[in-house]
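Two complexes are shown next, each including chain A; its partner changes from chain B in the first to chain C in the second.
Moving on, here comes the complex of A and B:
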């Protein structure tokens, strides 16, 4: 094989993120390839092993386009955040890696957009970190710190969604739900159940329970289920527990949200008391 | 004109009364508001100390799970959050059927609370009240703050700052943060005290003891050498406090004791879980703050004072030797009776700070304090829990009811300031009677009213605002509501007459 052919093969199986060449395998998304190479792309709804969902949009990256005129739909956003007009934006968790992609990820403009998205997630729910049992273990809170978010910026919605404490051991606080669907997918794909779903559209979207009464107590959710522990915020909680890990020893006292593989550590810690 | 109610509900109907309103410039920043009602002879008929901020904690914790409550309600205050966390935790212990904590957990909670009381008392006296007492009530406002004390009395001010810092170090060691940490879990604590943490605290304790003794001596000297302090804002009241089983001063857990102004026992060693049988709260429409009273004495005579003055008067002894010696001196000043001087709150406060320092030293030497057995076995669930503790400003009641799912359905918090509500009104009336001259609102009156309120409580935003630059607007109105005079003091400390 000639040197030129070898070089072509390598190029065909790599993408470039922020100037770093990253290999990928056929079928991998940009997120899969990045995480496998130890490159962090901010995300809330992605979890390795679960079907990508693309709902939180924090993992949006810019992919350089071959044609400068190929997209005009995001002009206003681009003007506001100075995004490269000659690129297209896509969710890294759902966009397949394609050989030769030139991807921008950790840029001030993209991180500004991510911060704005995070601010919107905060103000759409009631995320009262100071008294939440997930404080210090919450990925949304950690993301806010990671992105340098200092306030909610937008007016608070002050949502009032139903708390479901009917289950003997698991509680659902919908005001903290960020609609990431991790619980929906974990229940369906790992637990082999179908406990959760998102109902409603737009601002009315909310987490529902697939039971005759709509209550958790009438579902087949158990504390041993992954769905009971996978929530990245404080929406699904094990009842009568909280604040047991002292300040200084909580997940994000010890780790950065950008550490690759952190989700596994969080999930293991969360499930430990019940396993 | 405001509507009137309560015991003096007929005031507005009396045409020969005038009203002086000391209004806040804005509710948003949070200030106190004082209204003085004059009679035809220019005497203060009634003083109303309004709390214009609505907190609403009792309402918005409804529907929240009980295990969250200690960490929601501690946000009531940035000076004494530990007291709220512990009072709620004691109530939660009852909800989960825990009668007794492990020795280590109880001692850690006590240590935490002694640290809390020490830092709060140091803040109250040194940072917020010492400028009034050292420079004089009417002294230059630009100097009358902790920075002024640091410039003129650097040694004293630094001791105060370090006393507070030490109390906060204890809080941080146990709860993870100096303010708004997490320490309690149902039936226990979430973290042992490491030996290294214990040793670090022990390294400073001798200084803390010495400085606390100095603070007691200073307060005794200030109070006894200023006869004008004896009667300033002074009223005769009943006293309520928690005492230990032997009648000793007790800040964490004990029975309720109430005594009349003459010292007669109203009740003693009363189990606080039945507090609703002995205490009622009256609502008056002009204030968000309720008016508690002792049922046995009724609404008119049943008001009482809580806090350091009440505790040091009410107890039979203090279990630590240095504070006990100081208490005896204090009681001798009362010549056999209670010390009712409102400004003696500060003296009693420093006696308690000394007791905290001594108790902290003893606990740090107790081998249990570094134990690791932190959680008691949970018992049978209950639907109601009542936690009572002696917070720095006085007896603090937390009462919660939960449903079968563990969600709060009802909450009632009687905070120390509420218990002192009527007493503060009475003290304000006393000061206004003495310092109001004719129809003119003077800067002196403003300053003196601040000093009276601060003797009880630095927690009101009006009392803490910008270190003594309390924004106030004072209005003098005649019986028809016509404005006669208005004096406004902005948050920059500048006073303007705007009529």
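Moving on, here comes the complex of A and C:
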């Protein structure tokens, strides 16, 4: 192949994920392009329509380095693809799609990394799944199932985290917060408010409420806000709606976390058995 | 010194006081960090009420003010003592540097536990990450002022001075005297440019030629990453924006690094000259010097240099009579956060937020301060640039190597006869450096600080440079007598403490690494724990969001590779040892019940 034709191939707006060619539009991230094409890349802090965040790192992928993808024959490229040293890690939810990117996503090695990161999220907080209203609807829990996680693996941190039950209709249990900032962004970008923020540093990072008392009751959060519903775990819950859908018929009893477009189902909380 | 927290009983009085402190500080500098500093300084803490007042006065969400207060180490929600003493915990200038635990000693004499304020509010004590005094032995900050070369006798005197409530200005002035300790001078350290010579040379060259001199000089960033300075300036210049900014990174938080402290102290004119050259090249009107909180004591000096330069027409409107060339520099002082040395976190901090590294791309050259094109360079980089416009790129290239032009200023500390500042042409061997600083029996050298590389004596013929041993300037020497595991444990604690907490691998991973190393160091680790360290360290390195997480595991990985014996000799030879230590778990109960007899322990 001449250098020119090769160049043409590469400049077409496609990326390759696990060998599958996927189109993208200018401005899309790898995650955008993948989801649009029905390819699942695990994610917890990402939600279409909100500014990408890049913090949970569930969406880590490996991108083959330029040198490997631009001047090697296809066969060598395939061989090189398996070699870690020739690729670099990126967060799919924030990394812009660039024509010709060779991306590995659903590989045993990457899913092992993701499993470890999920375990980290479990042991840093206090997740007592059987007693949590979110059980079965929780994306973190579903992710653990998806990745074949059987235990927390690491010793628990047992951190002290505050519960805020001050609001008449909304409950904030920081024990379960994974610091994904979905509620922070939803409040700012969709609800046009600014109810939440993260304070503190390192392992002491925690969710704070933007009100004079620091309590939810004094904030302008309302039940109809997206921020009140977007939490992927059971940290923000609507009060007085416990266990309306029985265990066994909840979102992730009926769906895999890897199904595309689940967000709507989770958000509307319309959890019908026939979904 | 005034203890205004006494006034807490008088609510109206406190409110008025808080309000007036905020108003005064805000009038002097509207920067959130500066307003919070004034409150911390005068009220000894930043109360919930103060947070609300600041938010109202600066028109910020109270959650943002709250978040900032809790992010930076030098802000506190619980009152500190009127004497607030922070020991460095660096391996070179920390409280253990002389082999004795000076912090425990002071604690005993003042009857105070670390991380606490004494009941009478007189004194609080704690530890803080490296304060950049590594060539002066053990050091501490008292109310922000560094005291160096600590020893046992001084600790007793400090305790007495505190108990007598002697004002700091009456403490022995020699204690606060921080000398430069310049041992070897090269290209840049020979002289501080006399004010304006670089700028005149620059004006004679014009914008295009100034930029091309910098590009041709081959100058690469001295802050660690080594990006071409000329390229950075050119990229920034080419970006359209409502304003361009020049930012000097004087955060110097890497343990074992103190060369920027010396440059700020004795070469400030060269630095400001370099920033002005950059402004000329990229078309900036405003510059910022981001000074780490630990170096606040240099602020009056730096400000006086700025004032003098304005008087000389070297800053301000129509600099040196050049119509339309206007530029000025403000100093913003940090408040104790290593991550704020990362350029995008630094910019966040400049904007009055927590120092969380941004998603990149976009990079600061296109979307920096306030979203505008911004150059961020290290102190030493700007100084080199000022010399280059004056003396030419050929002069600069004549020194160093092909890939690494010019010189590198090193901060050398640890086990050597003459710690201090050494300037070498790039390409110098570690062996040469060790000979010069009188390091006789080095077993290992930490090049580039904890985030850099730990090498053993087999590698002492390697050379400093971007293509071999890259360094932001720190070089810590460890003699045969050192227990390297203690060093590696120290570094692991450093990173866990400094992780910003944004991304999962670093936030949780650095703490897991710290805990795992503690387990091994305390003699409870097994082969399994060692393998776990390796796996976890690799994950943290490869999957973290920014340079902090990506380098935090380096000491562990280097240690496992080069000095496996320091880990292995601590292992218990069992397959498994639980993480949960029953005896340690009873520690709190023992403390509460004031018991420490055999029956209060479980073996």
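Definition applied: the second predicted complex is superposed on the first by the 242 of 275 C-alpha atoms of A that agree within 3 Å, B and C clash if a C-alpha of one lies under 4 Å from a C-alpha of the other, contacts with A are read in each partner's own complex, and residues count from 1 in each chain.
Everything that follows uses one rule, which is that a contact is a pair of C-beta atoms (placed from the backbone, for glycine too) under 8 Å apart; a residue touches a chain by one contact, two chains touch by 3 or more.
Note that this is a predicted model, so its numbers are computed, not measured.
K.L.:
So which one touches more of the residues on chain A, chain B or chain C?
P.N.:
So, of the two partners, C touches more residues of chain A.
K.L.:
When the two structures are overlaid on chain A, which partner does A:203 contact: first (chain B), second (chain C), both, or neither?
P.N.:
It touches chain C, and chain B stays clear.
K.L.:
Kindly classify A:113 by the partners it touches after superposition: chain B alone (first), chain C alone (second), both, or neither?
P.N.:
It touches chain C, and chain B stays clear.
K.L.:
Please indicate which partner A:131 is in contact with in the superposed arrangement: first for chain B, second for chain C, both, or neither.
P.N.:
It touches chain B, and chain C stays clear.
K.L.:
Which holds for A:246: it touches chain B only (first), chain C only (second), both, or neither?
P.N.:
first
K.L.:
Look at A:87 in the shared chain and tell me whether it touches chain B only, chain C only, both, or neither; answer first, second, both or neither.
P.N.:
Once the two structures are laid over each other on A, A:87 reaches no partner at all.
K.L.:
Counting only touches as set out at the top, which of chain B and chain C does A:187 meet: first, second, both, neither?
P.N.:
A:187: touches no partner chain.
K.L.:
Name, in rising order, each residue of chain A that touches chain C in their complex.
P.N.:
Interface residues on the chain A side: 52-57, 60, 89, 91, 94, 96, 113, 116-117, 120-121, 123-124, 154-155, 157, 179, 194, 196-205, 208-212, 214.
K.L.:
Along chain A, where are the residues that touch chain B in the complex?
P.N.:
The touching residues are 130-133, 163, 165-166, 171, 239-249.
K.L.:
Once bound in the complex, which stretches of chain B touch chain A?
P.N.:
63-65, 67-68, 71-72, 75, 96, 175-177, 180-186, 190-191, 405-407
K.L.:
Quick check: in the complex, which residue numbers of chain C touch chain A?
P.N.:
The touching residues are 48, 52, 61-64, 66-67, 69-72, 337, 354, 359, 361, 496-505, 507-512, 515, 535-536, 539, 542-545, 579-580.
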